[in-house]
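Look at the two complexes coming up: chain A is in both, with chain B in one and chain C in the other.
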Partner chain A sequence: MNEKVMRNQRKWQTILFAGIIIALTYLSSDITDFNIVHGIATLPDAAIWIFSNLFVTQESLERLPKILGKLAETILMSIAATTTGTVVALFLGLMGSKTTGTSNALAMFARFIASVARNIPVVAWALILLLSFGQNSVTGYLALFVGSVGFLTRAFIESIDEASQSAVEALRATGATYFQIVYKAVIPQCLPQMISWILFMIETNIRSATLVGILTGTGIGYSFDLYYKTLNYNAVALVTLCIVLSVIVIELMSNHIRKVIL
Partner chain B sequence: MEAISISPHIKRKANGKISIKTGNKSERVMKWTISTLTLLTIMAFLFFNYDGLDLAKAIPETAYNLKVMFLEPGLSHFTWGAAFYQVGITLGLAFLSTILGAVIAFFLALMAATNLSNKWISKTVRIFVAIVRAVPTVLWVLIFAIAAGLGSEAAILGMLFHSIAYLVKAFSEAFEEVDKGIMEALKATGASWWHIVTHAVVPSTFTYLLSWTFLRFEINFSVAVAMGAAAGAGGIGFELFMASGFYFDMREVGLITYMILLLAIILELMSTRLKNRYFPATAK
Partner chain C sequence: MSLVRVENLGKSYNAQTKVLKDVSFNVEAGEFVSIIGPSGAGKSTLLRCINRMVEIDEGNVVFDGQDVGSLNKKELRKMRTNIGMIFQHYNLVPRLSVIENVLHGRFGYKTTLEGILGKFTEDEKEQAFYLLKKLGIEDHAYKRCDQLSGGQQQRVGIARALIQDPKIVLCDEPIASLDPNASKVIMDYLKSITMELNITCIVNLHQVEIARDYSDRIIGLSKGGIVFDGSSYKLTTDSTDLIYGTTTPKVQKRQLVTV
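Presenting the complex of A and B:
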């Protein structure tokens, strides 16, 4: 009897859940003017268009040096934003973690900064900074920097909380100072995790850098936008190919590093 | 020689002293990674394009803009109703691409999971997913925009591609962790592949699938904002782009930013709770 009631309840829950999902889907397609049939119908068109237009030709290959220069700028920008972001995030992480934090107010402050920096999208930062910093690498760098600080602080707080309790206590018992504890117990323990997060952030930043580049007119995003708007689709294909290859290479490299250190 | 034969497990230097630092591979790789990244960062700052940058002017201006944004937010080009409607559009874009992505990813993940499919299909799906993931979302959206026209369809298709790639990876990993015993027991009774999926795989992974889908929804919300700004997909992102790029109206930018921030924080709190509940190993 009891089992039957429970099974019934379960069934109703499932139906209710499915109903809510369907209602939300309907509502969403209504508000966004999305027609699923039409959407699916455009897929073959899109595929045909991609195969007939998006290929690299001899002519577009001439632009390769220029594109590679922009690509290098984008990759360097993402790495610089990540590493400098790491330095700031490390301090905020130490402040925000329960094991290494010195006061509650500071911890709250660190978590607040991280939350705001993370949750305001990179796009918003890019647009705001563009107004006064102008169209150059620094704008893109700063936008990525703010996002990196937000994300890495949260990741670092989690790694520090997780890793170092007993070693910190042991060192504290020997009378070690705060910086000795951080330098000898916390950092060595969390370093592999932190490097893993840094590599992840670099990957993410290279993808976002394309987006930021389109908005702020810098790096590879700008090249893409330029060729896209001048309908030079062969060059667009080349730019896309360059981005894909560099992202895959960086992902493989960081996977390899992760495998060794973790 | 004698010392070594007594304790063969202690590493010694050539002169017989015990070496205190055993530089193992992982330490070397970490040092190498850190120094390479530092070097690249220094290079980055040397090679940056500093055209038209005037720090002395840019910093106070940005500070002023930020002050106006966060302390005096307000609307001037559209009403509150319109603002909420635009937020609704962004949420709709995120929701549709997540839910459609989840459904498609479910089937692809069944093909990608090594315990449910054969080696070749699984490999093909994985490579396909890796390539899809390497193209940034905004490029997918812009490429689809040529075929489908600017608007919600291109945006949803573009975001869908990335959601599928992300969810296939997460789902197939969840499927691979399903208890082998349950599957073998079902197989022994003569259950078909589809029976195994619906009666063993789905019930034991359902909550994981739901939480991953929600986590992707959180990501898709900020992606949808970005697509509105960069690819003309509409929604609050587009309004943000117009307010800052065309009207230069910092107060409106501030209000839009607050709205996005509020929603993003709510979504983050919800997903953190989900993570703590269903993935205690990764969240804690």
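Presenting the complex of A and C:
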């Protein structure tokens, strides 16, 4: 009896849930005048266009050294933004964590900074900073830096809270000072997770750097924009391929590093 | 003069419930005292008030002639070097080696920089190995702590407390996560700390039988107040009923007497 009632309830829950999703989809496409059927119907055409225009030719390969130079610039900028962001995020993380935080006001401050930095998208940061710093790589770097600080602070706060509470208590009981506890208990204990988050951040930043580069006119994003606007689709294809390959290589590398340290 | 004097201690984490109410007792140097009581009776809080890991709300705790509640940060740190602490979950840094964890106990005597750089004297290192040998785990000195069994990790915890050269060791349910064999080993070590080194031990325990076997004196805590305080042989079923709020049927007791 009870089991039957429960099964019935489950069934109705599923039906209701599916109904709501279908209704929401229909409603939003209706409001925005988006025709799903039409969208799907144009897919083959789009695919044909992509295959006939976006391919790498001999001529575009000649631009490879220039593109690779820009790619290296982008990757190095992402790494620089991540590492400098890590230093700031480490201090904010220590301030914001319940286990290592020294005062409520500082913790609030750290969490506030993190949430402002994180909840404004990197692209929006790039546009805001563009006004004061102009179109150069500093703007791109700062946009990525702010985004990294926001995300890493949040991640570090959680890693610290999760990993080190008990050891911190024990060292406090021995009479250790604050920085002794941080260096000898908190950091050794959180290091693997922190490195894992930093690697993740580098991957994300390389992806965002392309987008930010289009806006700030630097790095691989600028090359992409330039070739795209001059209708040189073969070069666009080459740029895209380079970005995809570098992201995959970096992902594989960081996966390997994670496996070794965890 | 008593080593620890607790006077009318009161503590509450929020306005509704008082964890400790008007708790008073003295502990003499060289005593082995067990605190027993049900979960939530305030045992852990009481222990943590002695080294002020939690702030004291009412009353006083006097350790070695100093009023614990009124110490400033520096004095508190200095006082804590005299108090070793042992935890239920060992509270080691699992990713570091055994010997590093033991040496953590010396931080209280060092400046911040010496601690960060890990500058330990030869004497300290020798002392650390001596303690590990005494506790029978010197073979594991360079292993990471998370590779050790529970009983071995707790021995590392004891070594970390002893290298502080403490006057007292506070043990917060040291055997609650261990099997009976490892529990016996740990309790024997704790007892020998008091017998051989004349270091006072205050141990929170769940197991009444073990408390009776090992301690000179038992303090029974119930709902934040002391309901029993006396030599361990004076602990009767009536007093355990009072501590744990249970009722032992009279008939059964009579049977026990006749047997």
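The rule we apply is simple: the second predicted complex is superposed on the first by the 250 of 262 C-alpha atoms of A that agree within 3 Å, B and C clash if a C-alpha of one lies under 4 Å from a C-alpha of the other, contacts with A are read in each partner's own complex, and residues count from 1 in each chain.
Note that contacts are C-beta pairs under 8 Å (C-beta built on N, C-alpha and C of every residue); 3 or more make two chains touch, one makes a residue touch a chain.
Source: prediction; values computed, not measured.
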Between chain B (first) and chain C (second), which does A:V56 come into contact with in this model arrangement: first, second, both, or neither?
neither
For A:S166, using the defined touch cut-off, is the partner it touches chain B, chain C, both, or neither? Pick first, second, both or neither.
second
State whether A:L64 touches chain B only (first), chain C only (second), both chains, or neither.
neither
Per the contact definition in the header, classify A:F34: touching chain B only (first), chain C only (second), both, or neither.
first
Who contacts more of chain A, chain B or chain C?
B
After lining up the shared chain so the two structures overlap, which partner does A:T174 touch, if you call chain B first and chain C second: first, second, both or neither?
second
Scan A:A185 for contacts with chain B and chain C and give back first, second, both or neither.
second
Chain A positions touched by chain B in one structure and by chain C in the second:
191-192
What part of chain A is in contact with chain B in the complex they form?
21, 24-25, 27-29, 31-36, 38-39, 42-43, 45-46, 49-50, 54, 72-73, 76-77, 79-80, 82-84, 115-116, 118-124, 127-138, 141, 158, 161-162, 191-192, 195, 198-199, 207-208, 210-211, 214-215, 218, 221, 224, 228, 236, 240, 243-244, 247-248, 251, 257, 260-261
For the chain C and chain A complex, residues of the former touching the latter:
51, 53, 77-81, 83-85, 87, 89-96, 100, 104-105, 107-110, 112, 115-116, 118, 157, 160-161, 164
Touching residues of chain A toward chain C in the complex: what are they?
164, 166-167, 169-180, 183-185, 188-189, 191-192
Which residues of chain B touch chain A in their complex?
25-26, 29-30, 33-34, 37-38, 40-41, 43-45, 47-54, 57-59, 61-62, 65-66, 69, 85, 88-89, 91-93, 95-96, 99-100, 130-131, 134-139, 142-144, 146-148, 151-153, 156-157, 222, 225-226, 229-230, 234-235, 237, 240-241, 244-245, 248, 253, 256-257, 260-261, 264-265, 268, 283-284
